[in-house]
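Both of the next two complexes hold chain A, though its partner changes from chain B to chain C.
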Partner chain A sequence: MALDIKTNALDQRRQTFAHIARRLGEDRPASRYEEATFDLQPGGAHHYRPTWDPAHELYDASRTGIVLADWYVLKDPRQFYYGTYTIARARMMEAAEKALSFVEKRNGFAAIAPEWQDTIRFYLLPLRHVEWGANMNACSITDLGFGAAITQATMFTATDRLGIAQIIGRIGLIAGGGQALDEGKRVWMDAPEWQPMRRLVEDSLVISDWFEMFVAQFLALDGLLYPLVYDLFDLAGQAHGASSLSMMTEFMVDWRDEVTRWIDAVLRATARESDANRDHLGRWFAHWEQRAAEALAPLATRVLGEAGIDALAGLRGELAKRAAGLGIPVGQ
Partner chain B sequence: MTTTTTQSPRAKKLGIKERYSYLTRGLDWEPSYQPREKIFPYTDYEGIRIHDWDKFEDPFRLTMDAYWKFQAEKERRLYAVIDSFAQNNGQMNVTDARYINALKIFLTAVSPLEYAAHRSYAHVGRHFDGVGPRIACQMQAIDELRHAQTQIHTISHFNKFFDGLHDPWHMFSRVWYLSVPKSFFEDAMSAGPFEFLTAISFSFEYVLTSLLFVPFMSGAAYNGDMATVTFGFSAQSDESRHMTLGLEIIKFMLEQDEGNVPIVQKWIDKWFWRGYRLLSIVAMMMDYMLPKKIMSWKEAWEIYFEQGGGALFTDLARYGIRLPKYHEIASAEKDHYSHQAWSTFYQYTHAAAFHTWLPDAGEEAWMREKYPESYDRLYAPRYAHWGAEADEGKRFYNNGLPQLCQVCQVPAFFTEANDPTRISLRTCEHEGEHYHFCSDGCRDIFLDEPEKYVQAWLPVHQIYQGNCGGATVPEVLDWYHLNGGADNLDYKGSPDEALWQSWQASKAGTGT
Partner chain C sequence: MTQNVSITLQNTDEGRGIIAAIMADNPDAVANRYPAMTKIDCPGRLVMNRETISTELGRDYDLQELNLTLVCLSGNVDEDDDRLLIAWNA
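For the complex of A and B:
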């Protein structure tokens, strides 16, 4: 039975802001995501050209080859604005926190076969530097990108990647203290298996077209790296008693599943718009996917042995299928 | 195989500082496949010399896990209040509907700056060489997005009832007086990373924030706006982090190299004056627009700048930093600042997206008490004259377009510091063109970087050049998306006033 509490019902002059109503086609109640996102980046004339990039305006759509009639088609299917974003991440982190303390308290890492512990330290700990590179790239897109829809989502991705780098750091501390992280960094800097990856990350930092950076980082590199490391390497670890590691990296698996929805929505909307956009996306994907595969090959071999190359080839096939499904020309 | 451990050693517990250092600073590496200066191209051109980025002391040791946790908790609480405010029609409990005009200024002039800060901190958060400042700036970048969005969500409810709040982003980019905050922030954004931090983190967030952010939030508290003041409290801990960053970056630059001192001093001089001019609108809001007043602009200036700022600069003296140039002019103007700004908006009320009014008898008594040197002598007679004209049906509107300052873009209405009856005007010639300024402070800023300020998009010039919708006032107002007869003109007779009176009547049980 429902109770009927009488409230003051007042006439409203309007349901939402005018710029939102123009986008919705009528004045009707808008979602918090819509009010927090649409047209937030200032339009109109800007006063001064940036001294650090005098060839462009402060906000300038021509910083990328991609052309969209309306940059707010790049909506986030997760509907993340700051509040929903932080609340979602706090929940995920609470679970990760439990897993980390569980493993630490029970010394779960020590239960993993010793030689596989070495393998984990070798493949996982340097990844925090890859994440740090991804953080810088996401931050760079937030700086140079166009429209609040894409740049707010990349801001959230920037802090996500810092957070993931720090989770890997904490796994490292559990798996061998500060020494293990120092060693992970040494491997990142010097181990031959890691050098193609470090070269790729450093090259990605200086990509001048921010949308190309988006494709290189989020589709090409992450699209192969995440399934290779968090699915295939993890699966291989099960035979060595590495279930405690799976618990500690569950955050990354959940995060990948969630963030893929956003990445795919952005790419699908961009590809849909024009042949010219599809052409750019196809070219960028071909180039950076090849680079990512080359950079991951020595790691796949190191961790999975001879099966590594085939496994990587399988992932490349799946990624190509995913890209094609988004409307990106693949393999032409 | 590069690791040799075969037994997993039970990790030794690290101290908080060491742990933080591993989890953040340890992430960075010295690149070798790309030159460092290509990855970080912007930290050299301003002339600031940094010898050791590791000497930067992280102002707050926050890792992302803690950040998500604290911030999510704050968001949950804030949105609960916003929802409950809307459900219970909290807007009916403000002191008076005239208060809403302060919110109109806040949403159109301040919230867009939060957004601009979000993007510019992402810029410096990517480009500082040092990990410490990079992470601190990134956290501020996402915080500023929070502030822009929570302000929208808070004020969204007021927009459903009151005029002037309906198209804030459009107005920010077009309406004449909003070019003051817009050009202010774009000036900072278009500068190099060190000047940006001096401008926003130090001069704005540290030195002047008590005179900008705080008056709006205290104004909300004093005037029964529980939604906005809850936002203010919720943002408080973010703001303290930002202030700490401001002080830390200044000390870092000053400690790194003696050659940095004169550069930093020049920026402090510039951004003090830039920020001070921006505050003219806050001064007017404090003295005229809050039905229940917190303190006068003059008192706020004395407490927060003359005393608070004085102590800060005494502390910075050991680095060779002195008080900002022209601070004495600002102090000399404190008896006049708010009155001259309000008088200007009163005359141009037809072209503004908020209402104006003349102070009533109770407010005049307050003015006399707070401004014994100036109010009765200079401003009360002016209001009496305008009031009499209005009573005769000849309400005064200024139909000329004002001369704008080339730098701060405020109409040239400020008077000489030593003579409040004479308008302060300065000029200079640059490459055959004449430029006009409101003050020596603004003229100095121009002369130091004329190639920047000649680019200014001055609203009045743009109207005359035909770039603002047409040659007549109604055409320009249309282009602004300003609803004539609702958003603008006197509060008296406005739809806002009529709505407020109908609510008051219904509360008293006399209405329908």
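For the complex of A and C:
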């Protein structure tokens, strides 16, 4: 008997949610990122203004000088929603755990030249507190920001920064136990090289415009701090046998490369929209990049010696080029 | 007449990203949508670029992952790390 198999195509009535279809301009299957992001921000009729800020609505786009016709242009090129974010980070964390336990088991930190061990404890461990500041700033942006596209990504970043602070803490435990962490805190509070940075972090916590905070933290400070510490300091450490440290800080290097794509996409979309936005970004960047460079100079000198100032100048040049490439007016 | 090459992919979240990348890179390609899968026909040759797929999916894509989404293809395959080319060897 011949068997004739026929398919019967049943078309579903809708491919996605109506509000997503309106955004896409057609009813086609949306990606999970799109469905987990577009128009999630509550808005519209709230009867009462918040008592803590009667000048604004509870969810108000005008808490920043930046104006966007549509806040969902700030899409995340990594397409992170809860599922993809946690999977990506779990993978990175697994590798970091492996590296940490490898170095601990093989006693890799002891193989580093003793004077460089001191240097590492001096420059790396206080960064826990810088990362905590970044966590607070990312939380603030999430709190006051507008549009799920940006606030969902900043919330993930807030968690990342806490995670990085914890990894630095773990490195501290390997590099000298709880005592090393106490000493790191003392250095953060008292060492003259760290005071400009501590002041910068504290000042950044109280920036009132959340988009300015975004530029100050993610572009200006991180844009100089990460390449200085995790590239240049790390490279200098190789001459002192510090390869085990590179293994332990690999998470930060990978994370920086990934998160830079998101930060650049956000800033590019913002700068593209209007001259007024570009003015804001340029002004904020000029101010905070200068502050960040001043805060990092004593650390660069302490770790890299006289070459530190030139190295920092080189990084500033690269960062300015990156900012200009994003459409931010630089050096005016 | 140039003969078509084709590739058929599952209609999954990932599959849709790959299909979008293929359609962007091959202006002559035609996507035929069926329940649960999409068959893409293209006269002569069809190229898939890792870069475009990575951008569509928002993550680094390894072309060998294609096997997780692939239903079938017709044509001779020429593959390296950055692109996969389907064409008929003349």
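One rule holds for everything that comes next: the second predicted complex is superposed on the first by the 322 of 332 C-alpha atoms of A that agree within 3 Å, B and C clash if a C-alpha of one lies under 4 Å from a C-alpha of the other, contacts with A are read in each partner's own complex, and residues count from 1 in each chain.
Following the convention adopted for this analysis, contacts are C-beta pairs under 8 Å (C-beta built on N, C-alpha and C of every residue); 3 or more make two chains touch, one makes a residue touch a chain.
Not measured: the values here are computed from a predicted model.
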Inset, instruction - Go through the superposed model and pick first if A:P77 touches only chain B, second if only chain C, both, or neither. - result: second
Inset, instruction - Have a look at where A:L10 lands relative to chain B and chain C in the superposition and call it first, second, both or neither. - result: both
Inset, instruction - Report for A:K105: first if it touches chain B alone, second if chain C alone, otherwise both or neither. - result: neither
Inset, instruction - Report the partner of chain A that touches more of its residues: chain B or chain C. - result: B
Inset, instruction - Could you tell me if A:G44 is touching chain B, chain C, both of them or neither one (first, second, both, neither)? - result: first
Legend entry - Touching partner for A:W132 - first (chain B), second (chain C), both, neither: first
Legend entry - Footprint overlap on chain A, comparing chain B with chain C: 7, 10, 32
Legend entry - chain C contact footprint on chain A (complex, rising order): 7, 9-10, 29, 31-33, 76-80, 84, 88
Legend entry - chain B residues within the chain A interface of the complex: 1-3, 5-12, 14, 18-19, 22-24, 26-34, 38-39, 41-42, 45, 63-65, 67-69, 71-73, 75-76, 78-79, 87-89, 92, 112, 115-116, 118-119, 122-123, 125-127, 135, 138-139, 141-142, 145-146, 148-150, 152-153, 156, 159-163, 165-170, 172-174, 179, 182-183, 186-187, 189-193, 452-453, 455-457, 462, 481, 495, 503
Inset, instruction - Would you tell me which residues of chain A are touching chain B in their complex? - result: 7-8, 10, 12-19, 32, 35-36, 39-52, 58-59, 81-83, 86-87, 89-91, 93-94, 96-97, 107, 109-110, 112, 114-115, 117-118, 121-122, 128-129, 131-132, 135-136, 139-140, 142-143, 148, 151-152, 155-156, 158-159, 162-163, 165-167, 169-170, 172-178, 180-181, 183, 185-191, 198-199, 202-203, 205-206
Legend entry - List of chain C residues in touch with chain A within their complex: 11, 13, 16-17, 34-35, 55, 57-59
